[in-house]
Each structure stands twice: as structure tokens, then as C-alpha cells.
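Below, subunit A partners subunit B and then partners subunit C, in two separate complexes.
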Partner chain A sequence: MLQQYGIIAIFLIGGALTAIAALLVNWIIRPKLPPVGSKLNTYECGLETQGPTWIQFKVSYFLYALVFLLFDVETVFLYPWAVRFQVLGLFAFIEMIIFISILVIGLWYAWKEGALKWQ
Partner chain B sequence: MAMEGIFTGIAASMRELLAGAPPWLENLSMGFLYLVGVLAFIFLNALYLIYLERKISAYMQQRIGPNRLGPHGLLQSVADAVKLLGKEDIIPRGADKWVFLIAPILIFIPATMLYAVIPFGKGMIAADLNIGVFYFLAVASTTTIAILMGGWSSNNKYTLLGSMRSVAQMVSYEIPLTFSVLGVVMLAGSLQTSQIVMAQEKVWYVLLQPVAFIIFFIAATAEVNRAPFDLVEGEQELIAGPYTEYTGMRFALFYSSEYANLVSVSALAVTLFLGGWHGPWLPSWLWFVIKLYIMIFIFMWVRWTFPRIRIDHLLSFNWKVLLPLSLANILVTGVGIKIYQLLTLGRW
Partner chain C sequence: MLSTSTSTLVFWFLTILIVASALAVVLLRNIVHSALFLILTFVGIAGIYILLNAEFLAAVQILVYAGAIAILVVFAVMLTRRGDISESNLFNKNYLAAGVLCLALFILNTFLIGQTFWTIKSGEPPLNNVGAIADAFLGRYVLPFEVAAVLLLVAMVGAILLARGVNQDQ
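Our next item is the complex of A and B:
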């Protein structure tokens, strides 16, 4: 088992090294003069950029993100259950139906309260 | 069936070559061999899927597409890649330099790692993790972080908007994607990709889980940011989304990992729903590749057929249609399995 995670680690490091190698080749081949002037401007369709970009603004999907968190945690419970589903018997199935229906009620409530509406 | 064993034969002869070596060295070099294979697969696919995409879109719009360089324009992508290699490296004046530099490397890592659990053929899997599918879904969602890093650090309003949209899309479509896979996991009783393929020897899961397949397909389209869900880089409104400020090889890394993600998601769809490498007569890896390209073709077909949908429609479609549907699918699958067990085994 540990060997397989070793291979995953090789893929992780290998992916990073490949990307770095590609950038290195780019660095060797490309023109050495550093770009100057308006090449370094922010590209916003040829117009001068207006005001700062890194400001506080409203993220309209904030409530979606909260509901997402709920269901993402639910998947953590659902996956082990799904793997053993055929062995576990009827009781576990009914338990999971109750668990899911509680979450569905939560979803229905969020829906009713307008959390699933883009504002 | 000499064709069958080409790739497994290479791996076996490599192992034989390392017979006397200590086991850590053997595993290290085998991992390296898998990595080289996967990287070659990624880059060849990225090159030729761009060509394929241009050709398919051209024919769908009654154009010819690239046809100048090489026979039928086959060398066009190679020329593009070489051109991108020699491009100037521009970091915009206002950018957050280090985040800007790291993002393209970070996006390539999950793109590579996803291939570790894909069974390309009989016995052709780099790391047969017992949590394979879960690993795939977990690693796939980290791509968004790199997109967000790139979009935020560029200090450009369009890139910022694009990356925020990418987060909104991930936050929504991740849920139906994971839930649609659950039906398959319940049927196979395993998260191991090789086990799931083995379980489909008699019947493909697309026949038992048609709804899950459609949900998976829609959610995957959103996950890899392709039309009709390509709000992240909607060209008409956001230039190129989070990639706007990137040039040269950095842009190429973003672009190729996008295609790599398309291939890996299609490969997962083939593994979970289309029977993986199962098929008569032809070698297993060839079956896998054939199914893979059919899936990719469908993705492209969808891209060039449907118009882009608005973001509020996108999110409400996900939460009000796909999510209840995928939950219902889990329930129906559960009831179906229990009834089947009662009929065949006489117990619940």
C-alpha cells in the first residue's frame, strides 16, 4: 500500500519538475531583453486600468459555498457507506435514508429562504 | 494477442532488468517509468486534442480549419507549441510576482497526478489505490486553487472575475459529481478503479446507472470549464478568464493542463460507466483509447453545439435539478440493489 503512495509522490514531484523543465526551456530559448513599457501594462481590452483590483467586493455565491460545505462533509460519510453497502444490510440503508432526508430538509429550507438565488 | 502485452511487457522487462536491485530502487524506477508514460500521453494528447478541437469545430461550423502546416494541418499544434516555447515572458507590472509564477506549475501537478489511478488496460495502472475514485475527485478539485491563484495574482479585473466564477462552479458542481459516482461505488462495492472495471465485465454501468452517467457528464463538463459551462474564460466577456495575463510557456502549461484534465475526466467516465478496458477481440488498452476518444468527441460536440449559459442559471440548475436528481439516484440504486439481493440471495 505504501509503495503505491510512493508512486503518487513520484507523480507529484514529477509533475512539478516537468512544469519547471518546460519553463526552463522557455527561459533558455526566449528573447533575453526584458519587456518594457506598455507590454507590462495590465491588459484590459487596451484601456488603462481603472482603480485597484484587489478591493472588497460582494461574492454572490457565499451562501452556495455554505451549502456546499454541508454536502461536501456529507460525501465523506456517504463514501464508506457506499463501499460496504451490499454487506451492511437493510438497517444501514434505512439509517442513511434518514441521514440524507435530514440534509434534504436542510436543502429545502435553504431553498425556501432564498439562499439558492443569485443576488 | 501480441498487441495486448506491449505496455505490460515493457514494464515486466523493466522489472526483470532490476531483478537484483533493492526493492525501493525497483519501485522508484517503476514509478518513474509510469510517470514518463503518463507524461508522454498527456503531451501528445494536449497537442493533438487542440488540433482535433479546431478541426471538429471547423467542420461543425462548415469551415475547413487548420490545413496549411503538414498534411491536413497535422503539424499546426506542433508549430504552436514551438512558437510558445520561444515567447517572451511577461509579468505585468501590478502582479503579485510569486503567486503569478507558481500558479502554472501548481495547475500542472494535479493534472499529472490524476492519471496515477486510471486503468489504461489490463494491469496497466500506475498506482492501484484502494481509494482510487475518491483520490481522483479530491485531486481534481485542487485545480481550482491554481486557477484562483493565477486569476487573483494577475491584478486584472477580468482574471479576478474569471477565477471567482471558477470557484463558484467548483463549489456547485463538485457535489453532483461526487454523488453521481456513489451509485457506481454502491454497485461495485469498491473505490478501487481496477475493481470497478472488473465489476463491469458482464454489464457496463452506463446501463445500470444512466441517470448517474448524465449527471456525471454534465458536472464533469462544468468541472473542466468547457462550454456550455465555460463562464470561467468566456472569451466574449472576460478575454481569456484567469489566463489573460499569461504568456509563452506559462500560458501553454495552463492550456495543456486544461486538455489533460479533459482527458482524465473522460478516462474516469470510461472507467466508471463505459466498462473501462473491457471489450472483445481488440487489446484492452486499444478498447480503452477508443472509448476515451468517443467520450472526448462527445465533450467537443457538446462544446460546439450549445450556447454558454448564464451564471445564475448555471448555479440554480445545479442546486435545484442536478443535486436532488443525484440524491434520488442514490436512493433508487439502493432500493434496486436491496431488491436484487432479496431475489437472488434471499436476504436484504
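Our next item is the complex of A and C:
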């Protein structure tokens, strides 16, 4: 069982190494002159930013994050059911439909309150 | 099963990852970078759960903590941000008291772990504990399972009410 996670670990390490290797090779073959002129620009093509770039987010985002968190927790309950789906049968399916419909009430409430509306 | 030495190696790798990124959370001066290292800490802890054969917990850790909680933390930071972001996670004058408190908590925890008598069960851990959890959820504990849905519903309605209240105040 744990060996299967070894494959995931190899993927993670391989991914990280690819990124590091790309940066490293670039660093090795690039000419090492001090940067001057347009090399110091933020973007090669595109407009320079005006003012500070770390701006405050709109409050509306936070509501999306909260609703996302709750449906994420719902996924936690769906996950074991999905793993065992073929064994559990119809009764478990109906139970899950009830579970989801209770949560859909929450989505309906969010919709009704205009929480999903952008403003 | 993985051999014991490989498990030990993975354990030490994960431990170093967790402790290093947890230290980065505290020591970095930009609080958004701290939040990113917090995600790395959560992922490392998920790795520890997998090492302990607790796959369901690992999935929950990745889904809820590394996914949703981290987003919530970043949003909370970006909503309440004021001043220069690169100087947003500095030490204040209480660091000595906080350090002493953390050290005391660490010593207490270590002491308690040392004092506890751990029962070690013989035999292999269950091969598929996610399936076992599914059987328990949808078999014996079906009522608590549905009550959990109601709890989530209440949490969602409460969150929307609170957040909308904040919206209207502005």
C-alpha cells in the first residue's frame, strides 16, 4: 500500500527537480553581466504597474472562500462513499442523496441571499 | 509494506520539511510567504499520516487544510492588510514571553508523551481504512452522518449571515 505512495513521492521529487534544473541550467549558460537598462523592467512587454501591487482584496472574495470551505468539507464525506460505491448499494446511495440535498439547501440560501452575486 | 529503514528515512525527511517550514512561518517577514509555508507544513503532516497508514486523514489534511483553510488564511490576510506587506510579520516586544510559553508547552507535551503508556497492537493495520470509514458512515452511524450535513448547513448559513453583515456595514 505504501509503495503506491512511493510513486507519488517520485513524481513530487521529479517535479521539484525539473523546476530546479531549469533554473540551474539557465543560471549556468546565461552571460553574467550586470543588468542594465530595460533588463531591469518588470515586464519585457506590458505596462508598468502604478502604485503598490499588494492591494486589499474585496470582501466578496471571503464569502466565496467560506462557501468553498464548507463544500470542501462535504467532499470529505463524499470521498469514502465514492471509494466504496460499488459495494454499498442503493441504501447508501439514498443516504448520500439526503446528505447532499441538506447541503443544497445551504447553496439555495446562499443564492437567495445574493452571496454568490458579484458586487 | 515498506521496509523499516525506508519508513524511517521518509519520516526524517518529512519531519525536517515540517519543522523547517513551520520555522519559516514564524520567521519570515512577509505574512503571505508565511501562509505559503503553512501550506507546505500541512502537506508534510499529510505525508506523516500516510506513513501511519491513515490515508483518510491524509486526504482530509490535503483537501481541507492545504486546500480550503490555506485559502481562507490568505484571504483573511489580504482583507485585513495594512501598511507594507514585506514588513507584515515582524517580531514584537512580546517575543520573549511567547518563547518561554512555547518552550513550557513543548516540555509539557514531551513529558506527557514520555509518561503515557502506549498500547501497541499486534498485527497489520487494516489495508483499506477509507472503505472501513465508508461502511461505518453509511451503515452503523448513518444518523450522525446526516446530522453532520445539518451541522454543515448551519455553519454555511451562519457564515453567510456573518459575512453579509460585514458587507452591509461598509
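Following the convention adopted for this analysis, the second predicted complex is superposed on the first by the 102 of 119 C-alpha atoms of A that agree within 3 Å, B and C clash if a C-alpha of one lies under 4 Å from a C-alpha of the other, contacts with A are read in each partner's own complex, and residues count from 1 in each chain.
Rule of thumb we're sticking to: a contact is a pair of C-beta atoms (placed from the backbone, for glycine too) under 8 Å apart; a residue touches a chain by one contact, two chains touch by 3 or more.
Nothing here was measured: the structure is a model prediction, and the numbers come from that model.
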| item | value |
| --- | --- |
| Joint occupancy of subunit A by subunit B and subunit C, clash or fit | fit |
| Contacts of A:C45 with subunit B and subunit C, given as first, second, both or neither | first |
| First, second, both or neither for A:F68, with subunit B first and subunit C second | both |
| Touching partner for A:I102 - first (subunit B), second (subunit C), both, neither | second |
| Subunit B versus subunit C as contact partner of A:Y79, first or second or both or neither | both |
| Which superposed partner A:V59 touches (first subunit B, second subunit C, both, neither) | both |
| Subunit B versus subunit C as contact partner of A:L90, first or second or both or neither | first |
| Touching partner for A:G6 - first (subunit B), second (subunit C), both, neither | both |
| Closest Cα approach, subunit C to subunit B, once both complexes are overlaid on chain A (Å) | 7 |
| Overlap of the subunit B and subunit C footprints on subunit A, listed as residue numbers | 1, 3, 5-6, 54, 59-61, 65, 67-68, 72, 75, 79, 83-84, 87, 96, 100 |
| Parts of subunit C lying in touch with subunit A, wherever the complex brings them together | 1-2, 7, 10, 50-51, 53, 56, 59-60, 63-64, 67-69, 71-72, 75-76, 78-79, 81, 85, 127-128, 130-131, 133-135, 137-139, 142, 145-146, 148-150, 152-153, 155-157, 159-160, 163-164, 166-167, 170 |
| Of subunit B, residues touching subunit A in the complex | 27-28, 30-32, 34-35, 38-39, 84-94, 104-105, 108-113, 115-116, 126-130, 134-135, 152, 154-158, 160, 164, 167-168, 171-172, 174-175, 178-179, 182, 185-186, 189-191, 239, 244-245, 248-250, 252-253, 311-312, 315-316, 319-320, 323-324, 327, 330-331, 334, 337-338, 341, 347-348 |
| For the subunit A and subunit C complex, residues of the former touching the latter | 1-3, 5-6, 9, 54, 56-57, 59-63, 65-70, 72-77, 79-81, 83-84, 87-88, 91-92, 95-96, 98-100, 102-103, 105-106, 109-110, 113, 115 |
| Subunit A residues within the subunit B interface of the complex | 1, 3-8, 10-12, 14-16, 18-20, 22-23, 25-27, 29-31, 35, 39-45, 49, 53-54, 59-61, 64-65, 67-68, 71-72, 75, 78-79, 82-87, 89-90, 93, 96-97, 100, 104, 107, 111, 116-118 |
